[in-house]
Structure formats: C-alpha cells, structure tokens
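Each of the next two complexes has chain A plus one more chain, namely chain B in the first and chain C in the second.
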Partner chain A sequence: MTGTRPGFVLEVDRSTPPVLFHAGEGFHLERLPAGSRVIYPPEPLAPLDDPDSAIRHALLNPVGDSEPLSALLRPGMRLTIAFDNQAVPLPPMRRPDNRQRVIEAVLDLAAEVGVDDVVLIAAHGLHRRMTENELRHVVGDRVYDAFAPQGLLTQHDAEDHDNLVLVGTTAEGEEVEVNTRAATSDLLVYVNVNLVAMDGGHKSTMTGITSYRSLRSHHNVHTLQHSRSLMDPGRSALHHSCWRMGRLFAAEGPRVFQIETTVNTDTFPKPFNLLQKREWEWTPRDRVSFMAASKSLERAPFSVAHKIFHGIKSPQKMTSVQAGEVEAVHALTTEHVHRQHLVAVSGQTDIVTMGLPFVGPYNVNSVMNPLLVMCLGLGYFFNLYRGKPLVRPGGVLILSHPTPWKFHPVHHPSYIDFFEQVLPETTDPVEIEKKFEEDFATDPWYIHLYRTSYAYHGVHAFYMWYWGAHALQYLNGNVIIVGGDARAVRRMGFKPASTLRDALEMAEDVVGRDPSITHFHCPPIMLADVT
Partner chain B sequence: MRALLFERSLPRYAAARIAGAVTPGLGGRVGPLTLAEVDEPELPGPGWHRVRPRLAGICGSDLATVDGRSSRYFEPIVSFPFVPGHEVVGELDDGRRVVLEPVLACAARGIRPLCRGCAEGRIDRCERIAFGHLEPGLQTGYCADTGGGWSTALVAHESQIHPVPDSVTDEAAVMVEPAACAVHAALGAGAEGTTVLVLGAGTLGLCAVAALHHYATPSSLLVTAKHLEQRQMASELGADVVVAPGEARRAVRRATASLRVGGALSGGVDVVVDCVGSQESLADDLAVVRPGGTVVLLGMPGTVMVDLTPLWQRQINLRGSYAYGTEGARRTFDLAFDLVAAAGLERLVSVTYPLDRYRDAIDHAANAGRRGAHKVAFDLRGEKHR
Partner chain C sequence: MRPAFPVGPATWPKGVERKPKPPTTGVHYDTAWSRRYPARLARALIVDDVLRPVIHLLGSPDVTGLDRVADLEAPAIFVCNHHSHMDTGLLLTSLPERFRHRAVVAAAADYFFTSKTRGAISALTIGAIPIERHRVNRRSSDLAADLLGQGWSLVVFPEGGRSPDGWAQEFRGGAAYLAVRTGRPVVPVYVEGTRRVLKKGDRFPTPVGRPFARGSGVQVTFGRPLWPDPGEDSRRFAVRLEAAVAEVGDERRTDWWAARRRAAASTTPSLAGPGTAPWRRSWALEEGSRNDRAPTWP
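And then the complex of A and B:
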C-alpha cells in the first residue's frame, strides 16, 4: 500500500487548472468557480503480488462458519459454480479476469478430489445472456473449451420455469425462487468480482440466479427509495431484503461457498490513463495527448469513438480474495472496497457536478441509452455516498453526458418501448411501477428475446428507473444534463443545458446566487463518506 | 360573387404538383386555384336552395387537389371549373343555418329510380355520381354546377341540407361533415370491444378517435400522432395510448403482446383506421393488423406501391370508408351532430381566414400539425355580399 495516496477534497482557487469531466465517449475540461470543491478518488491500491496463491490460500482457509473448500468436495457430488456476469468490473479487465483465476482454482481442487458432476452458471439474473467472447473473456479459454461444448457452461434463465425451484418464502413474504441446478446441488460455489460496495454478499445469489418472482421483492420503488444509499448496505432496504432471502436460501438450500474478490481502481490503460491523474500533475505530454484525443473524438463519428472506448480493457488488478461463509466473506470484502474507495467529505453543497463516462454495468459492448444515463447518474453516481448525499436537500445535480436518443435494438428492446411509451405518460416511478411493470415483465416478446437472443429482460428497463428513484425523490427533479440530446433529456423530465456555465446559471434559479459547488471526479470509482 | 375557382389547366396543375411536393400547400400559390369574381350558381330546379357559406373547412382531400396530388381516378367524376369546399355551414335565404351533406347522389341529380346504394340510404355507395341533370361531381365542391363552400354562395338540394339548432355554433357545425366521415368509419369497422389503431391525428384522425370512443368503445385505442398538440388532443378525445408515427409498430406489439416476425408482428390490433392514406401508412397498416383483422382506409389514398403479400397470407380485410349515409336507422349526419356536441369537436377549429387570404389559409392548413393547429377554415361571414 506504500505510495498510494488517499482521496481528498480540493478547494478550487484561481491557480487550479480546468477540471476533467467525462462525457460518454469523450471528455472535456471545465474551469470551476473559485471556492468549488473537487473530490478526487484515492489512487489505486497495490495489487496482490501473487493472486493465484492468494486464491488457493483463501479456498483452503475460509472465513466464517465454513470448512475449507477441499473438505467440502467429494466424488459423486453435484458441484455448481455460479459467477458474476460481464456487468463487472468496469471497464472489463484485462485477461486473466479474477473469475477465471478463481474458477480454475476451484476446478483444480475439484479435479484433485474427483468431482465430475460440475456445471458452471453465468449468474446474470435478468441481464442479457453473455456472448461467447464475453464468456471466454470472463472464464478463460481453457474453462470455456472444457465446459461449453458439453453444455456444462450454462447461462441462468430466469424464465425457464421448468428449471426454477421455490426454496421458500421469508417472513416478509419474499419468495426465493432459484435456478434448480444451483438449488439442488450439494455445493454451490459463487465467484464474485466486487466492483463497488453494493455488490456481493447475499445479493450475488439473490439477484444472479433467481427470477422476476424473487427480484420483485427488492427491485421495487419502495425498497429503492429506502436505500440510502445503495452503496451502504447497512442502510439499504434492497440489501436488507437480499440478506433475508439469502439467509433463507442458506438455511433451506444447498451449502453455499462464497468467493469474493476486489479490484483496485487502476481503471484506464495508456493512453487514457491520464484520465485518472490529477490535472495539476499532468505533464506537457499529457496535455498534448488530451488535446489531441479530445479533438479527435469530437470529430470522429460516434461509431468510431464507441469502438475505441469499448475496446478498452482495464488494467485493474485483484487486491483481495476471501472465501467461505457468505456474510463473513462479504464483511471482509467490504473492508477492502472501502479501503480503496472511501473519501472523507465534510458537508453537502448546493450543486454537485458529475461527468458520466462511456460505460456502466448494462452497456458493456453496447450503447449507453438515455435510460442508462439516468441509471448511471442517479442510480450509481448519486448513490456513491455513505452518510448523506453530496448534494444538499433541495440542491441540483448536474450531469455531463451526450445522452443520445440511441438504443441497442438487440440488447435493450424493452428500454425503447419504455422510453417511447411509458415516459411520455409519467416519470413518477411509483406510477410507472403500478401501471406498467407487470405488462412489461410478462410480455412474451421480451421473454422470448431474453431467453433466445441477447436482450435484457422486459422488466429491466424499469429497474433502471427505480435505481434512480431515491435520487429523483431527493432532488425533486432538479437534474440538469450538459451536452445531452435535448429531446431525450426532457423526455426523462430533466433539463438540458449546452454548457456547464449555462447549467450553473440554470441551477442558480433553484439554489440562489453564489451556490456552493462540488465536482465528483469519478471515475475512477470512489465512495464519498459525507459527514 | 367572390369564389376560389379551380380550373382545368394542365400547366398550372403540373406546377402545383411540383410546388406541393417541395412545400405542402405551395400549390395554392402557383396552381389552378384562383380568387375570382364569378356568377352565382343557378338553382338547378325545384327542391334546390341557395346557401351562403358562413364557415367552410379545408380538408385533406382539398389540399391534395390544390397541391396536384389527387388521383386521376377522380377525372371522370369531377367537372371543371369547380369551387372547392365541402365542409360547410351556411345560411339559406330565409336565414336558417344549415350544414351541407355534400355527396351529390341520385336524389340531388334527379335520378329515378334511385340506384341500389341510394335506395338503401347509402348515398356513399351511389352509382350515379357522374350522371343526371348535374355535371359530374362526387360532391359539392367538385361539381361545376353547384358551386362550393369556398365562396359566398352555392346551391344545395334539399336532400343535402341539415338544419343547425340555435345552440350549435358555426364552429361546431362546420365540424359535422368530417365528424360524419369518422362516425361512418367507426361504425363500419367492427371495432366494438376490439383493439384499434388510428393512424394519423390530423382533423380526420382526431374525429375518428372521438367517433370510436363514443360509438364503438374499443377495448384499447391506440393513436399515432406526429405533433404535440395532436398527441394531447388525441388523449383528450379518448385515446388510451398515443405514440409518434415511427413508434407505431412497437406500441402495437406491446399493447397486443405480439411477437415480431421480421418487420411485422405475429399478431396485432384487430382494426387499423388509416387516416393518412400514404404508401408508408399502408405498409404500417399491414404490418400491425392481426391475421384476419381489418384495415379501414379513411384518409384518401392515392396511387401507392404496397406489397400485398401480407394481406394475402394474413387474410387481412382491406376496406375503404368514404363519406356517410345511414347507420342502421339513423343518418350519419345526425350521429355526427351528437358526436360534435359530446366530444366538443368545435375546439378543433383552430383558425379561420377570409377568402382573400386563401394562400395563407392553404399554407396553414397544409402545415397545420406543425403549426399547432387542427382544422383551418374560411370565414365567409364578413364577405361583402352580407
């Protein structure tokens, strides 16, 4: 850890250089008013020197009430390995992915013992199925070639009702309906990559291998409006629900052996790595590179810029691995995540600005459509706090993103209909949930595409909107998007602005003259610990 | 009298066609339509009345004529020169206000015995619209002998006039004719309790929405509307779902829980009421109607190129809906009067113009949706003869 500088809060003065704002497949520099604050993330933690040894050590030295993995394995058993899908980490990490390392280690142990009934499940919940390339990237060619041709590398199908089993119902009425193979195994090993504090723990199984019937228990407006924040599981109603359901699953279902890994925030490879440097430390070469890149991207067709950015493989590396009983494992994981992400911030401000990057969990190898912009801004970035939001009650959130009226027709078909048919009627999450959710969730066309193509489930568009429900309620609609397609921005009930200066002027109508301003300099990812 | 006269002039018709293709409504400036001083039309015989128009609407078919887009099909069933205008509320010599039912069927033409259609009260199916003692003309507004609404006088047979109660404003009355077209389509569509898509939300589309809502009560009524005011009005008139034209297929797919097969749907709505009549709208019709469903062409189509394979394979019923007549025991116009009152259709009259600003009026009507308007009409109440 030596040499890793913590995150900090900079107060802007006249000598402060312009500050970087991400904006989709591009970025720009903005000069903030003197007195503004800029929150910088901690620098990337040093990675594990020998991740493979660390993994083997974790498997053999589990935490919590768990025997070593080797002791849980026996010939003739049914072993299922479920793993996180392509939504994490972001951007996708360079090979070998953490999951590949872990799965190979688990399979080596299983082979040593003579376990031969092994099935892998991509635990994508209601996300789209993974492509072969994505699967190869995550599990590695060796695992893919050994399992996929025999049909033993499977993808969870939340609409395959012949292969879902109701494990039980919690005292709160939450139904735990799980992938039958996982539920009827002698041992379920779950392999996670914990990108942010929201991930992992019981949420892994209770979203990844369940069905709409289960997910609706916690993926709903009430729960998400009472998750303050989503990134603070102790204060998140969503996590409380997942934990109740996960405990029931642990009690009534198979033995679960959870393996969680964390990654550092070494997010961008060269030449994009200057995006994670502090601006005043940019070298002249960095400045030239930035100018050249930003100007080229401005002129490049969207498809070219998209291809460049979505080709990025992140150099982030494993910083920890822990295995064993779910809750004990996750407690350690959360410590590691906090060690990388937490930044102490004192007080809220009238205005918070955020530059949204090109990728979020649901547009890997895809398009960041307006709903995903909303979800990334109001669902993820706004919730990257512990304690209280960075923006004060009654304040204004300013996001920077082109927000194109553009959708990936294969990946997000129900999003298009949601955007065209639901939002013109209402943007109120409660009303949307009541009036439209069931229809979309049970629409046979979306179900068909989810099962046979590469489409997110019909209800997933709703979850994007719900993800921002807390922010929508808190901000009371005071959201401005800089540089976005005005029509798309207005469709979502937000205000468009051409420039940051315009946006700040518009915000003054709400918060008054000489507002306090904070810029959230993310990515790399961080978690503001606001007191 | 002053009248807008449409003369047979091939060069000017060609100019209108070119201009109208560039800018809708431009045909009114370069085409065969001119403001002229002409003799008042003579009463053709007993049973005819002189009508002094008070308001006369500009309809989509009028615009097609002015912009040179009308089908050549009409050539034998119109006579030149004619004064356009068939959506008319006017005044008889005795001061009574009347609405014109413009179809020039057997009764008006002095033809006895009546043709099959007229004998059944279905003047919309009249087989003699080019015969009898009048020059050819399917309606007032396309006949050289009768004059038309875009003037200060026309003649109308007693079979064509409907008294307007004192409680009904001129603005409401001028909406009766388009409302009658919509009522006729709504009642003929077999839309009761079904899913219906109305394609297009111009005046005729909005009247169709109102008519379907009041007289057919579909289980679900979807509408495509291009402009904001049209969207709002469609919702107010009873649409359950209003979407942009480009969103129609997705909206229908979702509303009917259909699957997609290529560009079309596996299922679809039971009925499409097409108030556009374009090549594109016809392709949409066939893509979104369910197998065995019905497409009703209410908007006037022209010569179009459409792949009819889906019509054949999906056994789709394609039917036209022209004008009005009787609907069971009642005349369509009586039902239309009720509809105009019940739905408040007079609010669709957005703007009126005097005759001498006819070019502006045509421009406005041709771009009504974009300019936030619905029905544009001529206001003849201030013309000199009064």
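And then the complex of A and C:
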C-alpha cells in the first residue's frame, strides 16, 4: 500500500453521491444537502514489512531511560507480562494479533536468558473476564497452551483484595492500588495495541491492573467533563490523572518496560471493504455487494446480522512498535497514531452527523445495548477531535444506530439495572454519580458476577455514562438518534428520528434554518484536527 | 501376428546396433506437463476434493502454527519429518492456499518415477518432481531451483525416506542448499501421528481419531520461517533446519514455552531419538507421544 492518501474534507454539491452511514449491524446511503461537508479518513498506512524483526529490534533498542529488554532479564527473576484485553483493536484483528507477536518475542528473550518465573496477566481492569477463545485469539494458541494449564495465564481481578496492594497515594489524593503480582515483580512488561490516541502510556497500567479504588480517581464525571478531548492526552484530565498515578507507580513499584504497537486502519475484510472506500470509487462489484448486503441485512433477523458482523476479523496490520520507558514510548506511539488518524478540518459546524458501527470496545462478541450506543457516540466518536469539537457549542449531534432495547444478560447485568432504575430518575451524570454509583460499585452480586462469570463490573455502566459527560454538557443534550428504538432513545434523554431528513428538520429547531452540516465518515477511525 | 511393414514396423536388421532410447524414468522423467494449467486444475480438484476428505477421514488432522506463515510470501521451501506416505497429502492439504496450489513435492526418483505410469500419477496427484536421493544430482537440484525461481513452493522431506522406526533419520542438505542458492525461506514443519495411520511397510491405512473431528488424530505444526544467515553454508543451515524441526516437535509434545526454554538451553530432544537399543528407542517413542491420549476410531 504505497502512496497512502491523506484524509480530506469534501464539500457536498449536487453531483456528490449519497454518503455511507453505518447503523449498527447494517448500513445505508444518505444524500446530504448541498453545502454540507463530509470528512473522510486517511487511507490505511503501509504496514511493517517484517513485524517480528521490528519487534525484536524494538526490544533490543528501547527508547527513553531504559536498558534493552535482554539486559533487564536474568535467571531467577519474577517477570510479569500484562497485556491489553479484547477491547482493542476493533474489530478484532486477524491472527496473529500484535500482542501474540510481542509476547512471543518477549518470552523468546526470557527463555534465552533462563527466566523461569513468568506470569501473564490479562489487564482488563473492570471489564469482563476474557473467554478462552478470546485469550487464544489475543495471545495465540502457543502461549495459551503453555501458560494457561499451569495457571500462569491469569486475568486481573480488581475485587480480589488479597491480591491487590496499595503502592502509594499521589499529591492529589489518587490512590494507586495495583495487582500484587505485577507490583511485586522484578520487571513488569506491558504489551499494548494502541488503536486510538486515548490508549496507552500510563493509562495502560493505571486502568488495566488497578482496582475501583484507583479507577474512581479519574473515571468520574468531573475528570471526564474536563477531558477535552479524551483523544488529546495533553488536554485530558483523565490522562493527567493517569500520568500522575503512573509516575508514582514507576517510582514506587516495579520496573516497567512498556511495549506499544500501532495498527493501520485497514478495518474491513472483503466483501465488507467497500465500507472503507470513498463512495465514488466503488467498483460495480462493490455496488452490487452493497445493494445485496444492505437489503439482506434489513430483512435478516438480528441474530443473523449480529453473527455475520461479529464474525468479522479485521485485516489491520502493525504499523509501528516501540519499547522502553513508558512516556518516551508513548510519545512515539502517539506520533504514529496521529500519522494514521489526523485529518485537518477548518471550523466547527451547527450539526454533525455520525453513523455508529456495530462494535465498540465493550461489546466485542456481545450486544451493543443503548448505553453502549451512547458511549460510542458521545464518548468515543464525539471525542475524536483535537483542538475543538467538530460541532459548535449548543449545536446538534445526529447519530445513526438502531439502538435496540437489548442487553447481554451475562456481560452487562449492571447495565440493565442502570437502564431500568437509574435513567428513569435522572440522566444528569453528576446526580447519577452522587446518588447511585457507590451502591452499584459495591453490590456483592455484581462483584460476584464480575469475579466468577463474564460480567463487567457493577460500576462499569456508570463509566459508560460518564464517558459521554463532556459531550452531554457541551451539546446541552441536543442529540438525535436516527432509526433507533424510540423508547430506548427517549430513556436516555435523546430525541428519536425516523429518517435523517426528519432529524435535520428537528435540529433546525435548535440551530436555526440553513445550518452548516458535517458528516464524520467513520469508521475507519480518524481524528479531526479542528482549527 | 504382427502386421507386415509398412502397416507394422520394419524388422530391425541383424548386425545393426539399436540407437539407445533416452531415459524417461527416474530423474529423467519430464514433469513439465504437470505444471501446465489443465494438470494444475486437475491436481487442485484432487487435492481439495479427494485428498483432503480422505486425510480428514483417516487422520482428523489438527493444524497449528499457520499464523507463523501468514505474512510469508511465496515461494517457500517446507521441510518436514517423514513417517508415512500420508505425510505428503497431509502437508499439501494443510498448506495455505497461496502455497498449496503452486507447490511441488520433491519425491524419490527411484521410488515414485520407476515407470512412466507411476511417474505420471505422482506428478499429477501431488505435483511430484524426481529427486535423486542417494547422491548429488545436478539435474534434480537445477530443476528444484528453477521451479523456486518461477514461484513454485517446494515440499521436501530431508530425511530422504520414511522413518523405519518412528524416529527421524539424519537430515540431508538438499533443502538447505536450495535455500542458500535461491534465497527463499524455509519453513520447518513437524508431523506427528501419521505413522499410526500408515507406517512404512503397511499396505492399508488404519484411521485414527474421530473422522472429521479436528484435533483427535494426526498433527501438523508449522514453525517460524528461517532464512540462511549471510555467509552461512548449506551444511550449517541444514543443521539449523533439523534443530528447528526438532524444536517444533518439542513444542508439539510439550508446550511452546517449555520448548523455547529447552531450545535456548540447547537441550531440545533430538529428532533421531536416543542412541540406545532398539527396544529402548521404541519405548522412548511411545513415552513421548501425545497421541496415546486420543481415542482411536471407531
């Protein structure tokens, strides 16, 4: 893939073809009014020619204040390897996953040196535990078969208080409570996949292997309302908090060797790859595929469409790998992420439209319930900006998603109660946090399900709502969801619309006649650099 | 009664020496026809629609390590330990498609090409090319190198023949020589369990595992591709290849981490087995076999 074209902003005129909108397990074309803008993402960057050699080179030539990994390893040491969970990348990438490649390379070096005491930890924080298939997909069969049967491939348990240790407290009062095995190791190697600019750095350890006691320091409404945006770590209160805690951990805890990888945006395999093409470049085959797929999906039962989409394994490939001291590594990683994602956009608009896809970080192999729709739209897509939001203050955000009143009872039990008990009373994040969070976070049943089943932690539903707190405040609640279940949409305090045309008319009541409109043509993921 | 000339051939005059016919069997068998499109199409049908179901019926194979060749560009040389005639079909049907339909198998000229009929069957069904296995033959090596240069992948069993007792024989240097000569990567592959289906000397196969139940029968494990180091000669590279296949085998019998540690400590069990009495070699072979845990079909 040479000559990767950058992202760009298209001015819609009468000759512009209808534009693709994702809508959960489906997609459709919409004609935008002349004068609107469409932001297209950059094309996928060329992947590394030989990722395995690049990984080994990175391990032996670290950045920042770090010795090569081979020099940090010695016989008789305690080595812990923590890695990101299934929430990234999206959709899950084809095997071999970046983490498998990196973990195998780390273990190769450890074997050469003669390290025996090695434990792997799936760093999922308050996310659900990973299934065997998910673990196998992430670390590969070889690593799984070698470590899991001996109990050496573990999953972080943020409620196992016997295996959590308080490393210290920052000057701002943030408590750093970490997985004991990781904290008492001679070396902690963290392996990540940096899908977006929000990921990585100290956030990896300070969310992945900590507890509710630590996470509430930054996963709260105040912090998230002051993260502008989440995808711009320099202006994100959440990241500032993670960095303070991470520095404390680096000073008081074990030596941390961070390995970060980035992927390109080659998001969809054939025949879905038309979803990442610019509409005027669709071939006759793409057009036939689109018509056949969109019509079939309209008629297909939800379970069939869900199975098809969640079976997608993305052809994303590694574009960079860097290793060493956390902050130096992350600075390089962020450069690579920006190189893939940034699109220059001039000026804000009255209305921004976005088509939400079928998958977000919290519904891999699961159902995208209404809370996750909110989180994906207002938490992630809205925050995919640097500088200032695409939509002007007091503007309107229009999302396209069926927003079904469906929940995965195993994965998201507390979400169901949040939706049924909390939202009917209030949608104000501040009030929700004050009145309900503690009860959900300490509920023994949710804790039991988190620890023994495959449930997200009881407080995780709140974090979904907080994730959108900045957007809710900024938009003053002016959010319209096109094609969604009207009851579910209203429950969240948003307005439902049947069609985009209806939604645009409804938006005019807020922003006035002849509004400026921008469509965010995502996925593939991009980051609007708004000036 | 033979028809008279000119309907039949003329009688060869006595005293006139017969012109020797160019040899057409053994290493001299010309397999070029088997790489033309009609034969390739037929072979693709045979491999995908006949050989594969038969292999799955007989061995219910479990194929692992394909992720290691996911990014590998064709052509490549696949080297594999050799227990059974089943190995060839098993390996061919386990190869990723981009290799499978453009692969040739280095086959013993003195076994598979002893007659034109036998050669034609071998060339058509598995894409066999004749290789002289008992001594160095320029014709064989030139053919293999030319085919690699033309984009054909090569399957080689460097032991030169099937194992007589279940342990591997010494690897010969042909694959390593070709890799050094052409610069193409070599993928070590370890096959286990095929001896229980059809070992050397058996006339009929015995199915193992549950038919079409993946993981209950024979196993194929692909290792990480290797390239010759700069300046490395084929003899040294051949030693490295044998060690790589042994490491993949160790990984299969134990687990990846244990195998990596043993490889780092240079204590990977040899493919050739212990140099002790035959009964102890046999004993050691059974001890290390994971297949013993798999139920036998039916």
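Here, the second predicted complex is superposed on the first by the 529 of 531 C-alpha atoms of A that agree within 3 Å, B and C clash if a C-alpha of one lies under 4 Å from a C-alpha of the other, contacts with A are read in each partner's own complex, and residues count from 1 in each chain.
Assume a contact is a pair of C-beta atoms (placed from the backbone, for glycine too) under 8 Å apart; a residue touches a chain by one contact, two chains touch by 3 or more.
The structure presented is a predicted model; accordingly, all values stated were derived computationally and were not measured.
Touch criterion met: A:G114 reaches chain C, while chain B stays clear of it.
Within the superposed three-chain arrangement, the count of touched residues of chain A is higher for C, of the candidates chain B and chain C.
Contacts of A:E437 after superposition on the shared chain: neither chain B nor chain C is touched. Contacts of A:Q100 after superposition on the shared chain: chain C is touched, whereas chain B is not.
Those residues of chain B lying in contact with chain A across their complex are 231, 241-244, 247, 250-251, 253-254, 257-260. Within the complex formed with chain B, the residues of chain A that make contact are 416-417, 420-421, 424, 439-440, 443-445, 448. If you check the complex, the residues on chain C that touch chain A are 64-65, 67-68, 70-71, 224, 251, 255-258, 260-261, 263-265.
Taken together, the chain A residues at the contact with chain C in this complex read 50-52, 94-96, 100, 104, 107-108, 111-114, 116, 118, 140-143, 145-147, 149.
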